[in-house]
Each structure stands twice: as structure tokens, then as C-alpha cells.
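After this come two complexes, each holding chain A, first together with chain B and then together with chain C.
Right, the complex of A and B next:
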């Protein structure tokens, strides 16, 4: 383990340095919300922020991404993007880093996704640890993502007048060494970090009603639960929850022709299980007809299917789906309602 | 090899403001590309020549008189392809407000004493009268979507208008939700395809593209409650463009 220290006064100098090394993306304010944007002016960078409208996912899995170029006559195809550029994601919350780890599992699974991997290879992640809740919607403590758990190159933690930087990769090390304003951390500073983590335990409490394995069990038997009818009744299928989720990775592939009607580009575009026609196939058959079934599917993709397939919960606890929901569907409440049904179920079975 | 003749394209307008045709003029470079592929033979707003020999009819405006019915049927007979162009042609549009009252009242309000000399019928999108091959929604239509539909048309492909809410595109554009700023917006129930054009530019969604196939009524009420909006206010926004498809929203909010 290796730690470095940067005084807060040195931060803007460091950001200028990072900006000169690669394309730099960081959170900044947009009206009353926050967004990741390319950094033009260092003063725009905002390190105290509630999760951005879209997660940084948009940089390694863009909303609309070119896959290949083609022409009809003569029939030819070619790579649409030749060069991927180096970039740094700065100030990423630990929940969003967990999101990147989830996407990594998916896109590295066979067959590997070349576009994703190309982008991922060029990415450097500099995280920032939250010492307090961003707002009431997060459930990061239950998901275990309120503390850094790897998946980054550098991690910043606020020590008051300075940041302690955890160096977690060679790439990260290269960005902090040889700079006059960043020095190695003293032992006392590392133990201060441990103290801060201890203090954090008082702030972050598990938001879900029970431990994750119990949540998994509740999902295992909750497929026909009334909870889903209730959620389905309130859902308006605006698709916001899936659009903002750091671990939703569904996409549609479309070919778009130029007006010449000879050349075109194949794109992949984000697509969501919450759309009315998502599971509709030729002949008009719809495998997930109602909003209840579609919402249920979303939750199962976070708390059950991903655990079965990748041994990983795909909820990062960022709280975006709850924050953005038009109809006030709350993830913690929904999971807890399912857990409560489980308790009734267990008590009933016990009586029998 | 003899070059195949270009298909002939004609524009027609019914009850409307002709603003959709203006979007064709606003197409810029795409228009220059387009005229390489089609011959525009009838375009009152942009040229003096007019021909009655055409293959593709872009029809703008809603049907609101008996004469309109006859005229659109004739256009349908002649054209190989009919495109409902813009909100009035595709969903009835602003003119549909007339349908909220009796025809008698509407006539009196507009024409006063001469109201008995005027022929008027309920406002209809053109597909209520004739078969339509392509629909381009919007007031006015979004130019990239016009181009997409034209490409599909020339390739003989179907164009599928999205059946999801404007919110989907709005989130992809990472706009701050209007509701988060205590401003209302028709995005959650309005059919996408415009790339949330209005919200991107600081406006709200007016619902000009019509409702998604299956708008959620119960959920909508929750939203109204959450943001402290009144049902009447929201209905007012709906009827601006969607009055002639009244059945659909009445069911939704009953």
C-alpha cells in the first residue's frame, strides 16, 4: 500500500497537470444538478456533489456509439473509430467505481466487447471518497460501496487541509510522482485515514432491512410478490431509472444511411427494459407485457440475475434510480417491502 | 445504362400554418443532397412552378372541411406514397382544440353571423380519412427525423416512430429534469423521436408528437401529486396538441 499527500492549495495545480496529460473529465454543476463534463476551466470542477445525472458510464459506454462504417456499392465495411484517446475521470464516487467494475465483468465476458475494452484501456480513474451521505436516496452502505474497494488508479480522501491519495496502480503512480506539491504520506497521516474510516461507520448505516444474502433470498422467492404490482401501477415507463443506472448495459444496434443512400454507419444506442416495446418480437408477441413485469425485471437484474451469473450485485447504491423517478418509486422501500413479505412468509412457515 | 428517373415529390397543405414546409427550406445542406435524389414538383412555399404529376405526397395540416376530405382522397389516389407531415397531419394538432366544443359553438365564435355559410367538420388527422404510409410527427418536425424518414422512404423501408417517452432521449442528453426545477413538462407521456429538442434548448415539452401508445394513468396522478400540479392544468397542456385524439387521454385520466 502506498499513500501520497496533496495540500488542498495544490489541487488546482495538479488538475492543470492532469489536464495536460490527457483529456480530463470531472463533475461540475448544471443548474441544480451535477454532470461529468470535459474540464475547460479548473474552477468549474466540483468535488462535493450528489451523483451526476448520468454516471461516468457515458465515457466508456456512450449513449450512441459508432460501431462500423459500411458502403453498399461496392460492399465494404471498416472500423468506425481508429484511435481512442487517453482520458482521466476525476472525482469519481466509490459507487460509480463499483459501476465501472460491474460493466467490466459484463463486457469482458466472452465474447469480449472491443469498443468497450478500447475505451477502458485508455481510462484512468481518480476517485474521491465520500465521508457523508450525498443525500437520502443512496444505499451505498448496504451494497458495501461507501468505502473504496479497488477498481481505481488513485483515490482521494479528505483529511481536512489536505487529501490523502491511495495509489492503486502504476498508471496512478505516474500521475503523482515527480511533482513538488505531492509527497509521500507519513505514518501518522495513514493512521488518520484509518481513524476517518472508523468514524464513517457512525455515519453510514445499512439502508436495506437485512444483509445482502437475505435480500437475495427475498428475490429468490418474491417473483410473484404483490410488491411488483404496486411498483408497476406507479411506474409511467419514462425509462429514467434505467437511463441513469451505472450498471444498465442494454443496447440496440441500428444502421443509419447517409443521404447518398450508399454509405452508412452502424451505431449502438442505449436501450432500456423499461420501454414498452423492449421485449416485443416479430409477430407482436411481448414477453414482458406490463410495467409491473418490466420494473420487476429491472430489480432482478440488480439483485438476483447478476448474482447468479457474475456473483455480483449490480446495484451500486448510488441512488440515481430513486432520485430520478418521476413516480417516487424508491429502491430501498421496494427492497424492504419485499424483505417484509419474506418475514411474514418465514413466520407463517414456522407456524405450520 | 439509362439513369432511373427521380421520384417526384409534392407538398400539400390543409388546415395548418405551413410551418412544417418551412422546415424543409431550413434543412440546409441536407436539402441540396435531397434534390439529388428527388424532383420537387410542387412546393408552394418555395417555388412558383406547380405540377399535378407526383409520386410522393407530403401532406401538411389536418382535415377540417368536407372539401378537405375530397381533396385528400384525390391526393391519395394519385400518390404512390403519402406522408403525414407534422403535428396537424399526424395527430390533428392545435386545430384539434375545436373538437373540445360543439361545431355550432366553434363556428359562431369564429364566423359570427356568417357561421351558417361555413362548412366545417370535426378536426381529423389525415390518417383518419386515408391510408398513410409514413408519419413525421412534431410542430414543427425535427429536421434529422425528416431526413431519417425520407431515407427510409427512398429505400422502401418502414420508419418506426419510437414508442417510448421523450424522457428517454432527454436523459441521454443529460438535461436537468424540468420537474426538478418545479416546471411542468409533457415529456413523460409524449412520444420520443425529436431528441428532446425543446428541453435541450431550455424549453419544455408541449406534447406536439402525440402520446405514447400506452400512457400510464395511475402513475401520472402520482407525479401530479409529487410536484403539486393540478389535473386541469395538465389536461390543458394535453389538449394543446392532442385534443383530436381525445379518447386516448380521457381514458388515461378518467
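Right, the complex of A and C next:
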């Protein structure tokens, strides 16, 4: 089976079923925003949401994660996590699925990271396709992430009264077969999906001023651009943009001792390149000085360095960094400013 | 795409798990620098390249990257020299013979010794730079035939700060090796040169096409030394440096050591000037 149909009335029954199969995480409302949370009450699940405060990365790359248990005397280390539990991420936007794919590339790159891989191994992803923009901050069309591009087990698309489910893996198929309220999709329903995708083209337009290769070139040339000074002047170095980014994975390693001061646990915790001590060594030298340099670094990690290293843009277009910024630093505006500089540069060179 | 079976096998062992290292000898080299000789569990060899580093663990204080200062030809143990300057190094200074530390590694790319075979060497060590360079010098000493004319230039703030002074005298005894010393601020007993390390370079005899220059020192030193070496027309890819960065994992993940698209813990810490030259600005330090 490649496509299945579930009527909207059947959704809560299905969620109950999923909940019985594994730990279920889904978006729900929290004040004026949305968050991914373990599902206790099915009625809380909200599928019409703007990107959650934190991306689902908090489940596969936890903010504070045990690396190992140790004892000082005698010198001993042991695994900190014995069993990784099965879990289902329900209602993930395509931008966040792209984020998971980016993280996969990083943590699968040799030497592999077993903590991440173990968690990823237990993950089932059920996505939901966006048919409209979440808000004005997203740039998913430019990044090519507004349409499903794999990386999930099941993908839901709203057909009005029902959802059509794209079955992308065996694991996913196991979650839709043998249920009275989910049936195989008819040809007409699959062509309706194609029609919807066609309609989407009218809604989603590239948000950045130019195509990605041109953006890459602008970054390649823009290292000493005034754009960074401007961004640096406004930045308050709170680190929010990096905390909410689905592809930011920098971390610190810390030890926490038990009261005995003999046993303890080594953790890795999220760390942000926006913090002023991020690149500082014990001797006092700071290799990335100033907020301009640090903001520039964040942008380059999304639009250039990751392309050089992994052949992949690490911006998913979710818009979280812009949405959360206390200083109203806007990703689309920043990239466009850099592109515009490129135009001036190109015209100038042309005149010469 | 990685084979799933291989992946599952790799998921069982953690690269974050340190090996047990026993301290078998310690020595205060100066007021601030302490020398440690370490034996791994089962006396296995670290099998490192000169110029690589290890992540040293002291439980309760997490980890720090430390240069290995012995040669892979020194079997059954390896050496570290640590300046008391941060939380972990402070805790490490309190350890002595018989104590245990955790070791992960070796990590990174060492000095390109295979390429350096048959070449003359100019080794420039400023301050603590002698620590990673000792791994290279000891290697060169034990494989002396493989290299040409070897010159070592040493620089320190004051005569008290020289590390491995006795060893340096031994290196000096060997006819092929010249060791010049200089100090920024001399004391009355000092009979050697006075001045910055850069002042030594114009005087050394270099056959540029056949010479590798290896430079390690405080970040501020590099640009001045490299400039002098370039005046001697040594090709860019024959000037070798080693960079210090904050590091948390050694696995190319944690992000701290990144210079543009490169992770120093994996692509470095050793770079050629040829590679360094293409970095746009992140190589330059600022002291706060």
C-alpha cells in the first residue's frame, strides 16, 4: 500500500492506537505558541500550528543528555542509558523533518554518535504537510522544504474531510494496516493530492531574493560585509536563535557529581555559538570575538560551511530564529541584504 | 549509506567512554607547568602521530584537549605537559604518581612526517609550543636518518619558563641540531640572545625548497614568524603550524573548535600555511 485514507472523525481513534504502540509526542497549544509534548489527552493534539517553540530535536538530541556514568575511586565508567524507548513524533512539519535529516548527516558522519543513532533508531515520524504558510517568517519554499521530501514514515495531507497518508516505510505501514478506519486510497484521491500540490505552487513563493546557489555565492563573497556589523549591533547575544534551530547541534560536556562526590554522570548539554565564551580557550584567547562575528558564524553554518562539509543547506526555512529574536533580526532580510550587496558589487564590476 | 549491521555494531560502543590511564611519573617543570607520564590499561601503546592530542578526563571536572608531548617511538607510555590555567588543568596539577585519569583519543591530524622525510627541518617553538613539538623532536631524534639538517629555535618570556631544559641540552649535543634561545626579558644570569623569536629567523641557514618549517606557539606569534619564514621563500605548503582551540568532543561534532568549514579537532590541529591562508578571518585571536 502506498497511500491510505483516514476520515477526520477517525483521527482520535488512530491517535489512541498510536499511543498504545509507543510513547507519542505531538504538538499542542501553549499560551500563544505551540509545543511538542507527550500526549496524555488526545483532545489536546493540535495539527494546525505554527512551528513549535522548540523543534522536536529535544527528543532525539535532548537538551541535557547522559553520556556515561562514572566513579572516581575505583576508576570506572558504565553506560548511562540502558534502554532507549520507542517513540512516535506525530504531526511534524516538513521543515522539521528536513532538520532531522540534517542532524542525521552530522551524527552519522564518522565517528558516529551512538546516543543520537540509538534515539533515531527508535523514532517513528508521522508528518503533516502545510498547505499554507504558518506565518510571515518562514522561508521554507526557498529552502525547498515546503513539500514532503522523504525522511518520514508516514505523511498526512489534508483533503478536506479526510487525510491522505503517504506510506514511506514498513514501520509506517505497520501503523496503518489492520485498522477498520484506515483504508487504501483510491486513484481519484491520489490525483486530488497532486492537484493540491499544484495549487500550493500559487501559495508558496521563494522568499529569498535569489536561488540558493546565488545565496551561496553571496555568502562566499560576503565575509567582510557591513551586513554583519549591522546584525552584530542589534544582537543581544541571548542565544535564542540557536536554541530553537532544528539544525543547531553544538554542545558542551559537563560532569555532575552525586552527594558522595565519588559517583557522577557525564552529560552533554546544548551550547550556543552566540555565547561569548564559546570559542574562548583557557589561556584567555577568544577566537570568535564580538556579536557580529558570532552571528555571522551562525548564518555561515546554515548557508555555507554546511554546504562545503555536507553538501546541504542547514537552514530548513522554519523561521524560528526570526520568530524568537528579541532584537527583530530577520533571517530573510539579512540574507536579502547580503544578496543586494552582491548586486551592487556585480554592477560595479560590470562598469569597471 | 552505511551498512545497517555495521551501524548497529558501532552503536554499542561509545566514543565518549575514556580509557583508564595511570600516572607513573610527574615532575613540576616550572611554577605553572607539570609533566605527566601516563601508562594506559594493559600497557597498550597510544599509537599516535606526533602533533595529535588526547581528551583528558578527570571525573567531576569533565574534559580538556591536551597535546601529547612524547613520540610514538616511546613505547608503553606517553607524556603530557599541562599548564595550570583552567578548571581541569588545576585539578590535574593536584594529581600525582599512582593516580588515574581518563584518556580518549588520540585525535586530529598530526605533523605530516611522511611528507617531511628527507627534508631539512626548522622547528620554531614559542613558549608552550615546545610541548606538542617535543613529540616531533623526539620522533626525529629516534629516526634521525630520515631527516636532513635540523634546526630548532626556542623562545620564552624569561629563562625560568624554558621547559625540557635538560633534554634541550641533549638535543644540542647532537651535531646536526642547532638550538638558539631567546628571551623577552632577560635576568642577570642569562647569557643567550634577548629579543622576540622572530629575530632569530633571519640568521638561520635555510635551503627553502628542501625545508619544512614547523611553528607552534601562542596565537599572536604565528603571523610574525610566518612572515619571516616567507621572506626566506619557504613554500606555503612547507610551513606547518598547530592551532589551539576550545574543544569538547574531539569527534567533529560539538562545534567549539570550528574555523569556517573546518573542525580543528579533525582537520587539525596541524595545518599548513597553504590551508591557513584561505581562511578569511577566524584564525585571528583577540585576547579579552
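As a working rule, the second predicted complex is superposed on the first by the 351 of 352 C-alpha atoms of A that agree within 3 Å, B and C clash if a C-alpha of one lies under 4 Å from a C-alpha of the other, contacts with A are read in each partner's own complex, and residues count from 1 in each chain.
The criterion applied here is as follows: contacts are C-beta pairs under 8 Å (C-beta built on N, C-alpha and C of every residue); 3 or more make two chains touch, one makes a residue touch a chain.
Computed from a prediction, not measured in an experiment: that's the story for all the values here.
J.: Answer with first, second, both or neither: which of chain B and chain C does A:261 touch in the superposed model?
T.: Both partners.
J.: May I ask you to decide whether A:31 touches chain B, chain C, both, or neither, giving the answer as first, second, both or neither?
T.: A:31 contacts chain B only, not chain C.
J.: Does the superposition put A:117 against chain B (first), chain C (second), both, or neither?
T.: In the superposition, A:117 touches chain C alone.
J.: Taking the superposition as given, does A:305 touch the first partner, chain B, the second, chain C, both, or neither?
T.: The second partner, chain C, only.
J.: Using the superposition on chain A described above, determine whether A:131 touches chain B (first), chain C (second), both, or neither.
T.: A:131: touches no partner chain.
J.: With both structures fitted on chain A, tell me whether chain B or chain C touches more of chain A's residues.
T.: Touching more residues of chain A than the other partner does is C.
J.: On the A-aligned overlay, A:214 touches which partner chain: chain B = first, chain C = second, or both, or neither?
T.: neither
J.: Once the shared chain is lined up, is A:243 touching chain B (first), chain C (second), both, or neither of them?
T.: Touch partner of A:243: chain B, not chain C.
J.: Which of the two partners, first being chain B and second being chain C, lies in contact with A:46: first, second, both, or neither?
T.: After superposition on chain A, A:46 lies in contact with neither partner.
J.: Answer with first, second, both or neither: which of chain B and chain C does A:289 touch in the superposed model?
T.: In the superposed model, A:289 contacts chain C only, not chain B.
J.: Name the residues of chain A shared by its contacts with chain B and its contacts with chain C.
T.: 257, 261
J.: Quick check on the complex: what are the chain C residues that touch chain A?
T.: Per the stated touch rule, the residues are 2, 7, 10-18, 20, 59-64, 83, 85-86, 89, 100, 102, 218-219, 244-246, 248-249, 251-261, 280-288.
J.: Sort out for me which residues of chain B touch chain A in the complex.
T.: Residue positions touching the partner: 30, 33-34, 37, 147-148, 150-151, 154-155, 163-165, 167-168, 171-172, 174-177, 179-181, 187-189, 212-216, 218-220, 222-223, 226.
J.: What does chain A use to touch chain C in their complex?
T.: Residues of chain A touching chain C: 67-68, 70-72, 75, 77, 79, 106-109, 111-115, 117-118, 121, 223-224, 249-255, 257, 261, 264, 266, 268, 271, 273, 278-289, 293, 297, 300-301, 304-305, 308-309.
J.: Quick one: which bits of chain A touch chain B in the complex? Just the residue numbers, please.
T.: 30-33, 35, 53-54, 58, 63-64, 233-240, 243-244, 256-257, 259-261, 270, 272, 275-277, 291, 324, 326-328
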